[in-house]
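Labels run A, B, C and D following the written order; every chain starts at residue 1.
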Amino acid sequence: MSSHSYRLIISCPDRVGLVAAVSSFLAKEGGLLTEANYYRDPESNWFFMRQVMEANSLPYGPDELKSRFQPLADKFQMQWQLTDTSVPKRVVLMASKQSHCLSDLLYRWRSDEMKFDIPCVISNHNDLESYVSWHNIDYHHTPVDPEKKVEHFNTVEKLIDDSNADVIVLARYMQILPPNLCAKYPGKIINIHHSFLPAFVGAKPYHQASERGVKLIGATCHYVTDELDAGPIIEQDVVRISHHDSIPDLVRKGKDVEKNVLARGLRYHLEDRVLLHGNKTIVFE
Amino acid sequence: MSSHSYRLIISCPDRVGLVAAVSSFLAKEGGLLTEANYYRDPESNWFFMRQVMEANSLPYGPDELKSRFQPLADKFQMQWQLTDTSVPKRVVLMASKQSHCLSDLLYRWRSDEMKFDIPCVISNHNDLESYVSWHNIDYHHTPVDPEKKVEHFNTVEKLIDDSNADVIVLARYMQILPPNLCAKYPGKIINIHHSFLPAFVGAKPYHQASERGVKLIGATCHYVTDELDAGPIIEQDVVRISHHDSIPDLVRKGKDVEKNVLARGLRYHLEDRVLLHGNKTIVFE
Amino acid sequence: MSSHSYRLIISCPDRVGLVAAVSSFLAKEGGLLTEANYYRDPESNWFFMRQVMEANSLPYGPDELKSRFQPLADKFQMQWQLTDTSVPKRVVLMASKQSHCLSDLLYRWRSDEMKFDIPCVISNHNDLESYVSWHNIDYHHTPVDPEKKVEHFNTVEKLIDDSNADVIVLARYMQILPPNLCAKYPGKIINIHHSFLPAFVGAKPYHQASERGVKLIGATCHYVTDELDAGPIIEQDVVRISHHDSIPDLVRKGKDVEKNVLARGLRYHLEDRVLLHGNKTIVFE
Amino acid sequence: MSSHSYRLIISCPDRVGLVAAVSSFLAKEGGLLTEANYYRDPESNWFFMRQVMEANSLPYGPDELKSRFQPLADKFQMQWQLTDTSVPKRVVLMASKQSHCLSDLLYRWRSDEMKFDIPCVISNHNDLESYVSWHNIDYHHTPVDPEKKVEHFNTVEKLIDDSNADVIVLARYMQILPPNLCAKYPGKIINIHHSFLPAFVGAKPYHQASERGVKLIGATCHYVTDELDAGPIIEQDVVRISHHDSIPDLVRKGKDVEKNVLARGLRYHLEDRVLLHGNKTIVFE
C-alpha cells in the first residue's frame, strides 16, 4: 500500500507478444510485481497496462529504469510513463464559496488518507481563507471581474505554473476555464459536476430535476476539455431521492454525492489508475 | 397485505382542516386505517393522500362508501378514487421480440408475487407466443406493416378496449404509440426506457454510452404521454459498469435494471401508490 | 425547511378515530400541517405519528399548545412530545483519535447543513483538540486510566450534565459506556459501529472480513443500550469491496460508510424522525 | 464475447518472472490474449492469473496446448486448468418449492443470456415440474422421507453423476447436503443464502430481521462446504428496507436480491472468473 513502488503505465497498439515483452523485461531487471492490470479495447485494438513493482526489488533508480525501458517502448510505439510513489503529486485546489468538496479533500489530506501535496488553494472568493490557512496551506484570493476575465485567468495560470502543479482540481470552482487553459493541461484538470450530464443542461439543474420528478440525482467527475462538461468521465454515482425532498434537500444530497465522487476520482488519478483513450477512460480500480 | 381493503386516493388544494375532515369522516363510518400517506407540495400548495382501510371494518360496500364520501369530495374540490383490492386490475402486456421484461412480469404474476389479471399479451412478433400460451394467456400477434401503421394501431386499440384494460404495460414494445392512443389512456400506459433519458437520445444508446465511457447505466419507468419518453417518472435505477463491459455486457446489465425498475414501477401503480401532479409523480412507497 | 415549525411526535395504542381526533384538534387550533407521517405496526397494533406545523399558523406559543393537547394525549394514552425547531438540539460529541466522523459532523455543523449546537467535544485523547478549537468549541480532554474507569465516567457524566445535552454522539469514541450511563440517557446516545453486526464480533473485524472474503462491508448507526452494539438501529449502509482491497483499503472504505451513516442517522434524530418501539425504530425519512 | 476462446486459470506461489514465463509461452505459441487478470495475495504471497485467448490464434487444439504448457506448470508448481468456451458447462439445478431462483436461471438459459447446458433439474417436490418440462429439460422428483435421508441423497448423488455435471446449483433447495456430498464436489456446488450470514442464524431470519429493525437485507452466493453456509463467498448484495415493509415484503425483496446474486455468482463461475484460495475467493469480475 504505502511501500515505495514504481508504477509503469502503458498504452499502445496491441500485438502478440506485448505482455510477454514487458513482463520479460521487468523479470530480467528483477522487478517484483505487486499489482498488474491489463485491458485490450476490442474496438480500437489498443492495449493498456498498469504495473506496480517494489522499488527495492530493483538495483537502481527510476531514471535508469526509464532509460533501459525506452528501446522496448519505441519498438511497440508506446505512450508510457513511470511514476515513483515516493514523490507525491502536487495538487492545486480551486474553489469558490461552497466548501463541501474542499473540506472533504482537506480532511483526506490532513488525515493521510490520500497522499498528495497541496502547493496552494486558488479561489475567487475569500470565504474559505481562514479554514484553509488553519491547515498552513497558501490561499490565493483572485476575485473575478467580469470585465477582466482574461487578466484573471492569466493570474490563475501563473499561480498554477509557479506551484509546479501535477493536477488541478476544480472543487466547485464555478467558473468556466478558457480554452487555452484547458488545452495547456490536458488530462490534468479534474472537475466535478452535479446532476446527470447532459440530462439537465442549463441553469438550476436541481430545480429542473425536481420539476421533472426524477428519482435519482448524481455527480460526474471528469477531465476538463474545451467542450464544457463533456470530457472523459472518471467516476460517477447517484443517490436516491423522492418527492419528499425539497430543493434544499436535493442540494444537500447532491453535495454528498459530489464530494464522494470527486474524492474517488482524484484517488484513481493520483494512483495512476486512469488511462485516457480518446474521450473515454480506462479506470483500473 | 393481502387482506380485503379499500384504498382512498385524493389530491386537492391544501386547506387547514383537510386531513381532519377526511379522517373524521372515515372514523365516523368506522373505517380502520391500516396505512396512510400524506404529502403537501410546497410549490403548488396541493395536498395528496392515500388511505387504506380494512373492508370488513365498514358495514357496507364500496359504492355506498363512495356516495357517502362525495359531498366531502365536492366541498374540498378533490380529484379522488376509491379502489377495492378484491378486484384485481386488468393489465394488458405489449411486447416485441425481447423477453426479459415480459418473462419477469409473468413470473411475478404466476407466483402470485404481484396480484393482477392479464387479459392478453399483444405483440408485433410471434417469438414469445409459445411461452405466453403455456401460461394460458391469450396472445395477439399483430405484425406492423410500416405502410399501414394506422390500421395496426386501430387493431391494438380495439384489443385494448375489448380486454377492458385498466393498465397497458409496454414491456419493451419498441413501437412509438400514436398521439391519439397516448391521449386516450392518460396515466394508464406504463413504459420502460433504457439508459438515462434524455442523456443519450437517438439510436444505439448503449453504443453511445460505451463511447462516452459512462460508469453507470440505468432505466426509467414512466407514464406515456405524447411527448416521447418525457412523461411522469415512476421509478428509476442504475447499475455500475466499467470499461471491461462490452456492448453485449451493457445490454445484459441494462436488461436486468430494466426489468427490475419496470416491476417496481408497475407494483407501485397496481397498489395505487402513484399520484400524478402535472408532469411529476408522488410515489407513496 | 428552515421555517419555524412545531413537531408533534406521538406513539400510542391504535384505535379507530385516532388520526381524526388529532387532526381535528390541530385544525381547530388553526395549525397548518406541512408534513405528516403515520404508521401502524400490525404486530403490536401500535400507532405512530409525526406531524409538522407552521409555528406562525397558531396564535400562541408551544407551551399553550402543549397544555391544550394534554387532555387528548391522556385520553388516548399517548407517549408524545412537541419540539420547537427554533430551539436547536444540544449535541455533545465524544471522540477518540480517529477524526473521520468528528470532521464530517463539524463540517455539516459549520456549513449550516445540519442545525444543532455543540456545547462541547469530549475525548480521551488530545489529538483532535487543535482542530476542534479552531471551531471555537470547548474540548474536554479526559484520559482513561484503566484502573480508574469509574472516575473517568463520573467526569464524563458531569460534563454531559453540565452541557445540558439533548443528544450524545459517540463519533468513534472506542470506549464502552458503563450500564448506568446507558440507562441514564435512553434513546439519547447515538453510536456508529463498523462492519455488519453481529456478523464479525470481536477484535479486528476488517481482518476477519478480509479472511472470509466478504464482498460488502457496512456500518450501523444505533441507539446505545446496555447490551453492547445491540440497541435499536437507526440507519445502515454498505459499500462494495473485492479481493483487491487490502486491509487499509477496507478501513478507508469503512470510514466513508461510517461517517455517512452516522450523519444520516443523526439528522433523522435531530429532525425527530426516529420513533422508538421496543428494540426497533420507526424512521419517517 | 461469444467467440471461441480458451481460458487459462492458474494459481501458484509468486516468483519473479512468473508472468513473463506464462506470457512468453503464450506469445511463442501465437496466442492472442483478449482478457487477462492477475492478482497477488500479499498475505500468502500467492499469485492468481486468468488469461483468455482466441482459439483461432493457435494452430492446434486445447489438448496440445495443455501438453505443451505442462512443463511450465510443473516448474512453477501451478494449480491450473484450461477451459474451452465451445464446451458449455453442465449445470444441474436443484430446487424445492420456491421458483424465483429457478425461473430466473431458466430465463437466462433459454434467452441465451448465459451459456450452459442443463442435464436435469432435481427437486424434492413436484411443484415446478410442469414449468421445467415446458423447457424440454428432465425433471427428477425425489421426495425426501425424513427417515430415509441416506437413500435420498444416494439417489441425488447418482443423478448428479449420471448427468456428468460440472456444477450443481442449489437454487433454494432447502435441504442440507450430507458431508460426503459436499466433500465429493469441492468448489462445484453453489448455494444462495438469504439474509446476512451469520447475522441471523437459525429459523425465520426475516422475522428476526424485522424484530431487530434492520434497514438492509441481503443474500450471499457461496460454494458449499461441510460447514453450513460458511463456504467461500462468490457474491453478495443487499436491498434497503424500512419499517413499512411487512414480513411478506421482506420475503419478496429478499427473493429479488437472492435471484440476482445467484445469477451473478453462477455467471462468474461459468466464465471461470472465481479462483479459490483457502476459504476465500478471488473473483475477476
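One rule holds in what follows: a contact is a pair of C-beta atoms (placed from the backbone, for glycine too) under 8 Å apart; a residue touches a chain by one contact, two chains touch by 3 or more.
Note that this is a predicted model, so its numbers are computed, not measured.
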{"item": "Most remote chain, CA-based centroid, reference being chain D", "value": "C"}
{"item": "Proportion of interface numbers common to chain B and chain D (over half same, under half different)", "value": "same"}
{"item": "Result of counting contacting C-beta pairs for A-D and A-C, higher pair", "value": "A-D"}
{"item": "Interchain centroid distance [CA atoms averaged], chain A/chain D, Å", "value": "37"}
{"item": "Junction residues of chain D, two or more chains touched", "value": "42, 244, 246, 285"}
{"item": "Chain B-facing residues of chain A, complex", "value": "39, 41-42, 196-199, 210-216, 218, 232-233, 235-238, 242-244, 246, 279-283, 285"}
{"item": "Touch list for chain B against partner chain C, complex", "value": "16-17, 19-21, 23-24, 26-28, 30-38, 40, 42, 57"}
{"item": "Chain B residues touching chain D - in the complex, by the definition given at the top", "value": "1-2, 99-100, 103-104, 107, 111, 113, 131, 134, 244, 246, 248-249, 252, 255-256, 260, 285"}
